[in-house]
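Right, one structure below, let's go through it.
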Amino acid sequence: MTEYVSHIHPVAAILVHAAIPLTIILVYALVAIWGERKIAGFIQDRLGPMRVGGWHGWAQSIADLLKLIQKEDIIPTDASRFLFKFAPFMMFAASYAAFAVIPFSSAYVGSMVNIGVFYLLAVTSLLTLSIIMAGWASNNKWSLLGGMRSAAQMVSYEVPTIASVLTVVLVAGSLNLMTVTEMQSGNDILGFLPNWFIFQNPFLIVAFIIFFISILAESHRVPFDLPESESELVAGYQTEYSGMRWAMFMLAEYADMLLLSLLGATLFFGGWNSPFGDFMAGPLWGFFWFMLKGLSLVIVMMWIRWTLPRYRVDQLMHICWSILIPLSFVNLVLTALWEVIF
Amino acid sequence: MLEVISKETGNKEMVINMGPQHPSTHGVLRLELVLDGEIITKVRPNIGYLHRCFEKYAEQMDDYAKVIPYTDRMDYVSAINQEHGYVIALERMLELEVPERVEYIRVIMAEMQRIASHLLGIGAFGLDLGAFSPFLYLFTEREKILDIFERVTGARLLYNYFAVAGLMRDVHPEFKTDTAEFVKTFRPKIKELNDLLSYNKIFIKRTANIGVLPEKVALNYAASGPVLRGSGVEWDLRKNDPYSIYDKFDFEIPVGTGEVGTLGDCWDRYMVRVKEMEQSLRIIEQALDGMPDEGDVMEAIPKRIRPKEGEIYVRTETPRGELGYYIISDKSASPFRVKARAPSFVHLSMLPAISKGSLIADMVAIVGSIDIVLGEVDR
Amino acid sequence: MLNAVKQSWLTFRSIFTGMGVTIRHFFGPTVTLQYPDEKMELPKGARARLYVNIDDCIGCNLCARACPVNCIDIETVASTQDVDLGKTSTGNPKRFWLTRFDIDMAKCMYCDLCVHPCPTNCIYMVSEYEYSEYDRSNLVYHFSNLEPEMVAEVKDKAEKEAEQKKREREEMMRKKAEEKAQKELEAKKKAEEESNDKEKGEE
Amino acid sequence: MMQPEEIFEYVKEEFGEEGFSFSSGDIGDSWIQVEAGMIKTVSKFLRDDPKMRFNTLMCLSGVHYPKEEELGVTYNLHSTELKQTVALKVRVPIENPNVPSIEAIWKTADWHEREAYDMVGLIFEDHPNHKRILLPDDWEGHPLRKDYVQQDFYRGITTGA
């Protein structure tokens, strides 16, 4: 498909490549916000949104979006105006740009770069910057605290994330996410299990656990949602934002959640590979399996969100620096040994 | 922003206002926190945002009975217990005999209210620490209690149900079966709560060793109720200074054990409340067994209340601790002075003593664990 | 090291226990009502709004005096002699026109204290709870069923009767005074006559 | 466990007759009236003496007595160890309502004394933070005095009086 488009005009190709992930993110965000409210509702013996749009309030997110567009855009008097306005867009741009290297299906990846993993991790680091920007520019002490917490948290948790991703890279021997996915095709393990990395090597299960805990922290989900912990910091770095700017934060956050879940699906669960070998395989089925795997991880994140209390900021750091990081490096070495031996 | 910070304190400390509008101050409380990073070096609680002149109103009413609906509004989470203390004070002043049936109904209602109040306190505590679902599960149970209350009193929150030496209306015929049914369905929910929240490791990490209140400090600050018991003092007015007919019942006083941390920390205070709910269930069961079926609950209510000259200090055990009414009468039909000694007021005053050196997140846990109701603090 | 592993295991176990509880609730029944479509049935005797059965009211003002927040405002006019207001359903004779019986539900605190003193049980709480208004003045409920003209007429009549009564009383007083004066005069005359007679006799 | 009368006798033995009296109303509790200047020493004695051990101050209330033109403070003490209670009372003239603070003896008195100052206008000497607690600092008058008149405006806002 990509070759076909670039035949017509290079600019058209760029636009198409930009539009596909954007559509996916926007549709996903609308569904995920509604879905999270529904999941929260059912977990708490409630129903969640029920009124807008008929069946189980499916149009709730659309109605919310329309409301947010109409809202007055309030900027605090003493805020640093440019940074304040810029931060939400930068945050969204960061998580959006990272989608370029995600192989959505065997036939589509935005950019077939051979350092995909590296690019993705580098671009998502911009999130930290934008959160600090928002927290600082609001000229609100709660926002500042939220921004600072977030900076500390994300910088720390990037280390175990990278270490656990490296474990996979070590096994795969490639930084290109498409290649990594292709390596997981087939159903050879024990004769029926798919060739996914999570089944290939016991150390990769540990790597996945570390990775999952880290992405919970990276995307600010409970029990690590300290930057915006609503009962302590009111709303953290989002406190002063309203209307569309706040919606951008929300969108970026959900996009980030999807991005990291999809990364997890690519690295550990075979990406767009069908769990049944050649059955139900193909570009479109690939997209389906890929999104299913990613969304399952998102749903587990939501499930955790509505079960657990949150950690304190120093405990969060403790978990990262004294448990996850040593563990992930030990795991990396052990994986390397495993690879040498077998 | 740095200029702002240094202007306020002259050095690198930051003063931050937690409240009056803040999600975890449980109402309109303002805490002035002096921060060094996220570490609190000083706390100054500022109260009075919900001051509704209860004491002045009480003096200006032309009837002692008209004060009862106002007592409801002090601690709006446990209105029945507030009324209970006030009517007991008046009964002692007038030297009235209360019919047995009335006493039994009062005890059942008061213990149900204690459970309802603890449910809210525990739920809100969990909410402060980020656990959303337990709050709603507990609220479901609280609703069941309120349903029973609504059938009995006609109201869900502010009941005005107790009258001097009587009740405003009799209970309905199914009251006993309704309550027994609730007791039966509620027991398993406590276990569920323990699974979901009490013994959750993250929850324990957030509450153990936090906000430790040693026994000596607790007594010097006149702490009472679950806060005092959390520090390991076996002190419950229902046992130690029995009022109403509490001496007839067999129940235990749960105290803090320091099971997961230090004695007197947030977790102990929380756990005392959980265990207290079980004890309340026991009292309710015994009271349901002993409650007489016949008897007029309105018979003994005096037509006019005019105590002789004198003063009295009556204290009762509310879910939050010792509620004292200091009433002076001057032979007229309205009280000369009513002072309500509210447990939350006292507990809030010791906040600076127990929260120094903790983090903002701990502050939230501490405020949640002492379970204040601002309506009672400000009156 | 072993301790750290054990602690991590305990943490994971407690997290999974919690997640087990929430997933059971996920598939369990919901407890909410979709409010405007479904409504909770309030039990008998729920205190949601004050209602006055004005036909039974005798205007005794006891409820207004029992109210801690003074939200009941009653104005009564004594009925004239030519009108019989009848009796309430409880058999109490009615002696007053109720020209005003207002309850300010915005002030009311639903304490039920006004219900108990009523001798004819005509003021009570009903379970109607949907009565929000955009304008606070609409929350003042007027229970008096007299038309304004009627009120004026009644007041006028009552005034006239009161005046007439006053006049009658004055008349009576005057008559009494006159009679008294007459009697005194007669007595004086008699005395004079007697004294005259005496004088005459003496002469 | 001692009755209030016995406690009164015991205290009298310690401090002498001067400045103490024991009284009660027709109903309810009796109390020991203490001269204002002595309240701090008496409190300390009551807290520390092995036969008294009043380790908690349950309640501290300020009262205005308009007839006598006096202000009063009532201290309700309680001992969790010996399970005994007693009430102390201090009366001071309204023109000079100075009472020594007992904040150093029972910490809980801190806020109670601030409330008494706020509501009836008692002044507690040596209190570490002698400020209003429920009302704003610049409020006029003390609301629980019987002759209190509410100010019409507070910083330009009508008070609804």
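Note that the chains are named A, B, C and D in the order they appear, and that numbering of residues resets to 1 at the start of each chain.
Basically, a contact is a pair of C-beta atoms (placed from the backbone, for glycine too) under 8 Å apart; a residue touches a chain by one contact, two chains touch by 3 or more.
The shown structure was predicted, so the numbers you read here are calculated from the model rather than taken from an experiment.
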Q) If you check the contacts of chain A and chain B, which chains show up for both? A) C
Q: Give the chains in contact with both chain A and chain C, ordered by label.
A: B
Q: Can you pull out the chain pair that has more C-beta pairs in contact than any other?
A: B-D
(Q) I'd like to verify one number: the distance from the centre of chain A to the centre of chain D, where each centre is the average of its C-alpha atoms, in whole angstrom. (A) 62
Q: Starting from the mean Cα coordinates of chain B and chain C, work out the distance between those two points in Å.
A: 35
Q.
Could you work out how far the Cα centre of chain B sits from that of chain D, in whole Å?
A. 25
Q. Just how far, in Å, is the C-alpha centre of chain D from the one of chain C?
A. 43
Q | Contacts with 2+ other chains: residues of chain D | A | none
Q) In chain A, what residues contact two or more other chains? A) 43-46, 306-308
(Q) Show the residues in chain C shared as contacts by 2 or more other chains, in ascending order. (A) 15, 18, 21-22, 25, 31
Q: Kindly provide every pair of chains that touch.
A: A-B, A-C, B-C, B-D
Q: Please give the residue numbers of chain B that touch chain C in the complex, ascending.
A: 61, 63, 65-70, 133, 137, 140, 143, 150-151, 153-155, 158, 160, 168-169, 172, 192, 195-197, 199-202
Q.
Touching residues of chain B toward chain D in the complex: what are they?
A. 47-48, 51, 53, 55-56, 59, 92-93, 95, 217, 219-222, 233, 235, 240-241, 307-313, 315, 322, 324, 326, 328-329, 337, 339, 341, 345-346, 348-350, 353, 378
(Q) Which residues of chain B touch chain A once you look at their complex with the stated criterion? (A) 1, 14, 16, 22-24, 38, 126-133, 136-137, 140, 196-197, 200, 202-203, 205-206, 359-362, 364
**Q.** Interface residues, chain D side, partner chain B - complex
**A.** 24-29, 31, 55-59, 61, 63, 74, 76, 80, 83, 87, 106-108, 110-111, 115, 119, 133-136, 143-144, 146
Q | Residue ranges of chain A in contact with chain C within the complex | A | 39, 41-47, 50, 303-304, 306-308, 323
